[in-house]
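Both complexes shown next keep subunit A, but they swap its partner, so subunit B is in the first and subunit C is in the second.
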Partner chain A sequence: MSASKPRAPGSAYMNPYLAGVGLGLVLLAAFVVMGRGLGASGAFSAVIAWLMDLVAPAHAAANEYYQGYLEGGTHPLKAWLVFEVLGLAAGALLSGLLAGRVRLSVEKGPRVGNGPRLAAAFAGGMLMAIGAHLARGCTSGQALSGGALLNAGSWAFMIMVFVGGYATAYFMRWQWR
Partner chain B sequence: MNAPLYKYGLFGDEMSLVIAFVIGIGFGFFLERAGFGSARKLVSQFYLNDMSVFKVMFSAIVTAMLGVTYLGWMGVLDVDLVYLVPTWYAPQVVGGLLLGVGFVVGGYCPGTSVAALSTGRVDAMAYALGIFAGTIVYGEGYPAIKDFVNSDARGALTLPEALNLPWGVVVFTVVLIAVGGFYGATLVERRFGGAK
Partner chain C sequence: MLELLSTRHNPMIDPALHVWGWEVPVYLFLGGWVAGAMVLSGWLLRRGLVEERPSVVRALPWIGLVLISLGMGALFLDLEHRLYVWRMYTTFQPTSPMSWGGWILLGVYPVLALTGVATVPAALADAWAPLGALARRLRAPAARDLLGLANIAIGVGLGVYTGILLSSLGARPLWASGALGPLFLVSGLSTGAAFAHLIARDPGEQSTLLRSDNLFLVTELALIALFLIGLSSAGAAPAQAAGLLLGGPYTAAFWVLVVGLGIALPLAIQSLMAAGRVGHTRVAPLLVIGGGLALRFVIVAAGQFSAWP
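Moving on to the complex of A and B:
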């Protein structure tokens, strides 16, 4: 540890290729054991459908989108993706604890305050949710899982994610640079 | 062995939820190991000074793709039984674009936001609330945009089918693109990596 260069506490990240192969083997296990890929955004949708059904059951029943998660007789939260995302949170926490990286903090660049950063994070989450619904999946379900299965729509989607990201980067320097 | 095991009835729905949790642990573990619980690390991909997102993503895609391909050729895995999300080009292209914008604005994608919030990142909690809000906006707006959402339907479609090329040729091409991309990413990092 050199004293001259301050760095965030916690040990170094894993080699990206090694982490990628690990992630790929987890994905392969999902294909072989379950016959399906990984996902994330679908778990958020199940939670919203469940809450909407609790708060406004008549409204949820009249909406085709919510019904997609509510019909079928099983509880909307008793879903594969919900349990997978709970595992995701547990696995990340385990890795973070082992590396000493768990702490309450806000991820941001040096020029932005907490308030604007949190507002942008909220707005980004909203955009992401709408995009993931149009695309039928997010980076996990489409780019990663569909990418490995050579799914045509997934590859079209993945290219557009990079296009959208690079097109926006210049206008978001205030947050990150 | 006949795989996918679940589709061949080796275990039931209750057991599949336990497996979901275990697979999720592996997923979250490697996301956090790679540094993807940090928004700054993730968005660095789009400022060219840290190409980890590309490296991790394409190592994972190539690993799983080669696994599926070889297990399929060996007759262990029935690839046709692995669920393929159907393709709707137009909404998926628009969705991908929105997701890319949301990635740089918000700092995460849904999976990495869960890894980040469980390791204490407050901005990831705000991001997750944004996902909930966006889901309600989408749900309420669904009747109005339903026609677009379901437009340009192509059914379950793979790249080899869409391009009329043999499966093995496409696999080999993806490996070449990945290896070329890894080399390119290293060059890009060498050029832009030092600048903060």
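Moving on to the complex of A and C:
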């Protein structure tokens, strides 16, 4: 992937407040058109359940968690969240192309190597996945979709996401310096 | 008296709805891809663009040979009696699309090989005198035009046949459409153009290929519309079959993977590229190729799901 005309720094990102309003409208459209909210981690769970069923069907059949995705006769990847995440990638690609930002890179601070940054991102992703399963949803499923429905649990989740973020930011900022 | 119905214990006694797995869609996809590459090669040959467009025209025939062999390998795996495949070539049945296809596939190999020789780089032609002599003879204007025409004729035949193969099977109402032949041909053309775009090195070459791919993608959208309108207005069973893609179980895969990610998104990106609004990216042709594969999988799977009442 390459972009021949990178724009000046600062102009490549959308106004965050406008993007927030846009995301809210997307969420509203998802409720109206699909009758479902937005989510992300559920799509990865469906992919994992499908792969597990391919590689070790006996194990997947004996596991209650995987069965949640596999039973019912429909293909585990034929799920709203899987298609939504595909759309997410498509929209991100189009937006990145329009801003001239599409290139292979590791997002990090200038003084950090790729290895430590990728290791930290992987560890963070693992913690996020465990957290999303404990909370039965991630920032999009709980905070966005649940928050829009005024679920008390979702609001508690969102507040704790910010608490956790601010509490650990000090220890993680070396990646961006 | 106790009567037992024992025939049901025999395999394949009940009508089997899903007899085609991954092999047939993969073969149809690779066949269409090679068909598109041949039409493109033929056009470049006849326009005398061998010297101007070397990276594409030199690579396509050899890659085409590999792809058609992989496709025929997939088809071979699907056969029930693999050792009898040679019997296809002891007869020619003009009313059978499968017989046409068998012979067209046989014609693909010499035409692609001769095109590969005709476009062989000078260094290679100089290294081995007989190869150089053959290449020079094939590059003579009359021979080159004839070779170009053969590429286009066999390419169009191969591309249309991959669709007609399905539409001649009247037992499946989703495939009972005359639009399927042109749709698979144009999808193959767009896959071929996208692949050529992917391997092209020269910016001018890339620009020509992405513009022609955009034309193929727009045509493909129109043919998909005709395909669905035709089925929807052709009686109860075809309308019900079209419903599989219009609200039924194959709707999400068809509209998201084939139309959305395989046609509309790359068309949008390539139109912006053609207008100079976004930089060059190889993601768009990759999406087109993925969309071509998804089209074959969805049409073959949904077709086997459709049935006359």
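Here is the rule we use: the second predicted complex is superposed on the first by the 166 of 177 C-alpha atoms of A that agree within 3 Å, B and C clash if a C-alpha of one lies under 4 Å from a C-alpha of the other, contacts with A are read in each partner's own complex, and residues count from 1 in each chain.
Following the convention adopted for this analysis, contacts are C-beta pairs under 8 Å (C-beta built on N, C-alpha and C of every residue); 3 or more make two chains touch, one makes a residue touch a chain.
Small disclaimer: the values here were computed from a predicted structure and weren't measured.
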Which of subunit B and subunit C A:27 touches, first, second, both or neither: first
Subunit C versus subunit B, contacts on subunit A by residue: B
First, second, both or neither for A:100, with subunit B first and subunit C second: second
Subunit B versus subunit C as contact partner of A:90, first or second or both or neither: both
Which superposed partner A:78 touches (first subunit B, second subunit C, both, neither): both
Common ground on subunit A, meaning residues reached by subunit C in one complex and by subunit B in the other: 78, 83, 86-87, 90, 93-94, 102
Touching residues on subunit A, where the partner in the complex is subunit B: 13-14, 16-17, 19-41, 44-45, 47-49, 52, 63-66, 78, 80-96, 99, 101-109, 114, 117-169, 172-173, 175-177
Partner subunit A, residues of subunit C touching it in the complex: 249, 252-253, 256-257, 260-261, 265, 268-269, 272, 277-283
In the complex, subunit B residues that touch subunit A: 3-7, 16-35, 37-41, 43-47, 52, 55-65, 67-68, 71, 76-77, 79, 81-89, 91-124, 126-140, 142-143, 146, 149, 154, 157-162, 167, 170-171, 174, 182, 196
Subunit C-facing residues of subunit A, complex: 1-5, 74, 78, 83, 86-87, 90, 93-94, 97-98, 100, 102
